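What follows is a group of structures, each given as structure tokens.
One chain, chain A, appears in both complexes that follow, with chain B as partner in the first and chain C in the second.
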Partner chain A sequence: METFNNFLGGTAALFGDPVGIFIFLGGVIGGMLFGAIPGVSMLTLAAILLPFTAHLSPEHGIMLFSVIYCTGVYGGAITAILFNIPGAPENAPTAFDGYPMTLQGKAGKAVGAAVMCSAIGGTVSCVIMMFATAAIADWAISAFGPPEIFALVFFGLAVAASVGAKTFWKGWLSIMAGLMIAVVGLDPVGGIERYNFDMPYLAAGIHFIPTILGFFAVSEIFVQAEKKATGAYKAPKLSVDFPTFKELWAHKIAVVRSIIIGFFCGILPGIGATLAAFMGYNEAARWSKDRLKFGTGQIEGVISSETANNSATGAAMIPLLALGLPGGALTAMMVGVFQMHDMEPGPLVFLNSPDLVWVVFAAMFFANLSILLVGFLEAKTIVNLLRIPFQYLAPMILLLATVGAYAVRGLTIDIVVMFVAGVAGFFLRRSGYSVAGIILGLILGKIGEQTFAQAMQMLHFEFSGFLSRPIALGLLIAGAITIFGSIYGAFFKKQPVPTAAQDDSAQSL
Partner chain B sequence: MNRLNISHKIEVAFWLLLVGFFFYHSFEFDREIEIYKYGATLWPRTILLLIALAAIGQLLDQRKNGDRSSSNTMAAAHEDSAQDSEIGGLPWYLNTFVLLAIPFFYMNLSALLSLPVVQPFLPEGFNAALPVDDPGSGPVKITCAVVLFVAYLIISWRNHVGAILALPIFFAALLDDFGFYALAPVFIIGVMILMGERRITRMAMIMPLIFGLLLAFFVSLLYVGLPTGNVKPFYTFGNWIVTVLQ
Partner chain C sequence: MNFKKYLKSTAVIIGAATLSAGTAWAECATDSLPGEMAKPDGFPARALTMVVPYGPAGGSGQVAQAMAQAVTDLTGVSINRDHKPGGSGTVGMTAYMATPADGYSVMEHIDDAASAHALDSGRPNPAEDLIPLVTSQITFSQVYIRENEDRFSDWPTFVEWVKAQDGKATIANVSKEGSMERVTMKFITDATGMKIQQISFDKGAPRYGALAGGQVDALFEQPGDVRKFLDAGKFKPILTILKEAPEAFADVPSLTDVGLDFEPLFRFRGFYVKAGTPDDRVEWLKWAFQKAYCEEGYQAYNESKFMTLIESFRDTDGSKELITSTIAQYRDVYKEMGLEVK
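And now, the complex of A and B:
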């Protein structure tokens, strides 16, 4: 009852203030638009707005960022589905099936599923966040130290290797390539430069934004351009037929499973929505009867990925507000907003600024609900982008990606890196490798190495220390079983005959 | 039964060479870290070992099952990869490699002009480092860019896909010197032509539309600073646009 009263108080404070309403609506629309514009993302918007939050009250500043976070994660699904360009890494698995659906003329259904499931995942996650922040934060933080987070990363990579590429081996090699890209730069313990080849740019490591833009957006343009050149190009069919309630209800188990996975991943600092989306997708593929059709335009793929990544947004606020630990780039910027107002996120925020906490919780709840209303309207209009002929869309996307890559650090070399990644992605996709696997390896590589180093220091460099940590041990065993199961399958199982689902849409990864 | 073909062997050779290359260079940072006995090399070397194992595993799998080896969850998504394409073959790859190398020639212009073979052809006192504040650098950069662009056009004449792959990298390589504002219109037209547009009136209408929308949104509205270049008159043009829009 106390929680409900607090929520009502937060809602009254949010909507009783015209400035608050204006900022809330600005965040909802801004997050969706920036998430949906190819080449830029909610992070671009957040980075642009960060200096201006100094002029806002702390409540408004944090509320604005939390609203952008919720709607931006959804917004990225639109470009993932329509153009195979994930707005953010957490939307990457959405593209796996969303884009093939677009090519099959089912863009409306995919976008509709993304709208519904983003709203459901985010809203449920918000409700759990309100009721359980303190308890869950206590448990997760005490139960999940570096060994467990490393084990979770290992498990996530092991599962991701088994999907996404043409074969298990290519999936594994894709992930390892991503991990190697992440090695470039400074080592996380001693700050020693690795593989910089005397180039100052490489000393800072390869930034993941240009790499993501290259592997997804640019390589997609190249793939379509090749089809244009060889006469195999087919324009995506336009559709605004949203999925029926019955169609979505058929996947209720996938929704519930993805909410749980998303929430659990979101709560862990440094893991967040990206692993949530990949794991939500992977588990959907693992448990589906149509396992082999995943990647060819299964609505369940979109549902599971979008539910999981939005479910992670509410959960990501728990370590941020309860312990001051950001789970990703946007929550890290929120720490910046706190600091600009001479505040530190952490347990004291609940004691000293309960109003702020509940205004933020209420704003996130309503932002997720507004995805349903504004999202459908936005989707109806933005799907029409598919009417633009590809020869005009291609330069637009390439230039947007150029601006997006340059805006990160103001370095033209980032643009070169992006286009080189695009060429690499083009050739890797032709050979059946998974660009999504490379990106996952790149993003989780740094976390994996850092937590491994911390874990080994914690365990006094004894690998047997993992045996005394049941969660870490369980995750490591599960990961090992996944890998050895795939290897066993590769050598000893009879290979399945390809299905009829291999239409032209399939070359989406 | 041995079902290996030449592309399987090239693939495994590529991965193993990559492993060898990175393993060799890992000795450059093989130093002790006081608080971490595994140092900075354990992680990358473990990854390299796993890459080598996966590459060999893939080879053995392909030897047994050929191209249908261990189909994955998303195998179907890749079935048309590289099958219906007209591109491929050694000449195509060589031609594309040369095309992709052209932008890097420009990016390493100073190093190329410093080569002993090139030195006799340069005027006395010429600064091969091409500093931004040297008025003599601009014409050299423009000339080299034009020469390389002509080379790009000639080499890509029969290689449409290679031209598409190389053009954006070429565009990116020139950005530092010639700026976004001068190059973007040319780039838009270039991409449209490569994507099959041939109607001049359409291109004349669409190019300013795309360019104008981008500038209005990013430069005018969001104040995003894009590269203005450092070679006159491109630098002057870029600054003029920024001044007008902001």
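And now, the complex of A and C:
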């Protein structure tokens, strides 16, 4: 009851102030737009706005960033679905099935599913956040140290290898390729340079955002250009038919599963929405009765990815607010907003500034709900971008992707990486390798290597140390079972291979 | 390796006199500078670019933002921050060295630039290849434990407990090869005879979470970065790595108090312009950045980050002195550690 009263108080404070309403709406629309425009992201908007928050009240500043966070994570789904360009890394799995749906003339259903499920995932995690922030935060950092996070990464990679590629070997080779790319740069423990060939810029490593833009946006343009040149190009059919309630209800289990996965990934510092989306998608593919059709335009793929990444947003606020531990770049910027007002997120915020906390909670709740309204309106208009002829659309996409690749770190090498990934993706997609596997190997490889090194240091370089940590052990066993299961399926049961790589209308995951 | 001999013979210029505890700076370091300075031949005629070799959310990103804002408030000249993270500052430094020496590009960097040059003289020397405009943050490190820790409560009981673990005790830090953290921990472990496993976390949040969640036994960090945990009563310092404890941590033993005799290493952040930049432009930039240090907004920022516990300001000459002595100190330590010094 106290929680409900606090929530009502936060809501009254939020909507009882015209300035607050204006900032809230600005955050909702700004987050969606910057999330949706390829090449820029909610981080770009946040970085632009950060200095100006000094002139806002602490409540308004933090509320603005939390609203941008909620809607920005959703916004990237639109371009992922319509143009195969994820607005942000956490929207990458959305493109796996969302874009094939667009090619099949089901863009409206995919966008509608993304709107609905982003709102559901975000709202549910927001409600859990309101009720259990302190308890969950303490549990998460106590139960999940480097050994557990490494085990989670191992499990994630094991699942990813079994989904999306044409064969067992191609799945694992894709993952391994991603892991190899991840080791370029400084090693995460000693800071020793590896595979940078004396090029200082490579010391920074290969960033996954230019790689994603290359594998998805650039390679897609190559694919479509080839079709255009050979006369096989068909413009995507325009559709604004949103999914029916019955269609969404049929995937309720996938929604619940993705909420849990997303929430779980969100509360772990440094993990966040990207891993949430990939794991949500992978688990959906693994348990679905239509598993072999994933990657060809399954609405369940969009549902699972978008539910999970938005579910991670509320969860990521838990370690930030309760402990002062930001889980990713945007939440780290929120720390900056706090500090501009001589405040620090952490346990004292709940004691010293309960009004602020509940305004933020209320704003996030309503921001997720507003995705439903503004998202539907936005989707109805943005879908019309598909009317633009390919020869005009392609250069615009390439330009935006190039700007986006450069904007990550201001390094020219990231543009080179993007185009190399584009060419590689063009050939890999037709050869049955898993582009998603490479991306996930790259993202998880960095986390996995670091946490493995930390785990080994903590466990005194004895593998048996994992046996004494039940959660880590459970995840490692689950990963091993997944691997053996896929080996058994591939070599003994002779399971049919996924059709994604064979279907010309779809992409190889 | 005779570290005691090294520790006693090393003469580091960062004197205890300037780092004395409890000094109150009622007057700011650059109050005597003029409030205005004519722009030399109209410089700067456009916005400056500040290369920051780390991300926007960390300590460097925050100090860059605070200083850029202070310079803009003072002079009206805008500063665009260009973050180029990666390679422990290497990427940003490389990018900066490729810019023209016209004064329109300045750079933020930290003591890592000095330690990188100490290890490899092929890397730019911040005191020679760059001109320090101002060093605006100098801070010290501490060792922290959880407030509710029941296995040990202070430095002596911590050392005793660590020794009993026979190398199985852990401390979270940024233990990159040759880093300030690793070198300082070597000073401490050699002097006390304790063996402790250093767990490297390159980002702050997982590092602090590791201590808060009981994944590690202690944490090596600077006080400004963990202020919220100190204010919340979650962490407590058990050792201040200074010769004398500052007033704010008067009840926390210093190196002298626990019988450790080595010259402490400091984390410092400052702003630079390329050597070769026209002198009149350098002079204007020096004035702008040094005067901006005393702007109210910047001082409030430093205060919030515990950056006023010891003197954080160095002008150009003071910065050169600080950097040069730091390089010499690191180089000697690296040789003692058996690292390949190029």
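Keep this in mind: the second predicted complex is superposed on the first by the 497 of 509 C-alpha atoms of A that agree within 3 Å, B and C clash if a C-alpha of one lies under 4 Å from a C-alpha of the other, contacts with A are read in each partner's own complex, and residues count from 1 in each chain.
The rule we apply is simple: a contact is a pair of C-beta atoms (placed from the backbone, for glycine too) under 8 Å apart; a residue touches a chain by one contact, two chains touch by 3 or more.
These numbers were taken from a predicted model, which means no experiment stands behind them.
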Considering only touches as defined above, state whether A:245 meets chain B (first), chain C (second), both or neither.
neither
In the superposed arrangement, does A:142 touch chain B (first), chain C (second), both or neither?
second
Examine A:168 and indicate which partner it touches, taking first as chain B and second as chain C; both and neither are also allowed.
first
For A:410, select first, second, both or neither according to whether it touches chain B, chain C, the two together, or no partner.
both
Thinking of the overlay built on chain A, is A:333 touched by chain B (first), by chain C (second), by both, or by neither?
second
Which of chain B and chain C A:190 touches, first, second, both or neither
both
Using the touch definition from the top, say if A:391 reaches chain B (first), chain C (second), both or neither.
first
Quick check on the superposed pair: does A:200 touch chain B, chain C, both, or neither? Answer first, second, both or neither.
second
Please determine whether it is chain B or chain C that touches the greater number of chain A residues.
B
Just checking: does A:457 make contact with chain B only, chain C only, both, or neither of them? Give me first, second, both or neither.
both
Contact residues common to both interfaces of chain A (with chain B and with chain C)
189-190, 192-193, 410, 453, 457
Show me the residue ranges of chain A that touch chain B in the complex, using the header's touch definition.
48, 96, 100, 162-173, 176-177, 179-180, 183, 187, 189-190, 192-195, 197, 218, 222, 225-226, 228-230, 232, 285-286, 291-296, 390-392, 394-396, 398-400, 402-403, 406-407, 410, 412, 415-416, 418-420, 422-423, 426, 429-432, 434, 449, 452-453, 456-457, 461, 486-487, 489-491, 495-496, 498-499, 501-502, 504, 506-509
Would you tell me which residues of chain B are touching chain A in their complex?
11, 15, 22, 25-26, 29, 31, 33-40, 43-44, 47-48, 50-51, 54-55, 57-58, 60-61, 64-65, 68-82, 84-87, 100, 103, 107, 160-161, 164-165, 168-169, 171-173, 175-176, 180, 184, 187-188, 191-192, 194-197, 206, 210, 214, 218, 222, 224-227
Chain A - residues contacting chain C, complex
47, 50-51, 54, 138, 140-146, 185-186, 188-193, 200-201, 203-205, 269-270, 319, 323-327, 329, 332-333, 335-336, 339, 342, 344-348, 409-411, 450, 453-454, 457-458, 460
What part of chain C is in contact with chain A in the complex they form?
55-58, 61-62, 65, 69, 82-88, 90-91, 94-95, 167-168, 170, 175-179, 197-203, 205-206, 208-210, 212-216, 227-229, 231-232, 234, 300, 304
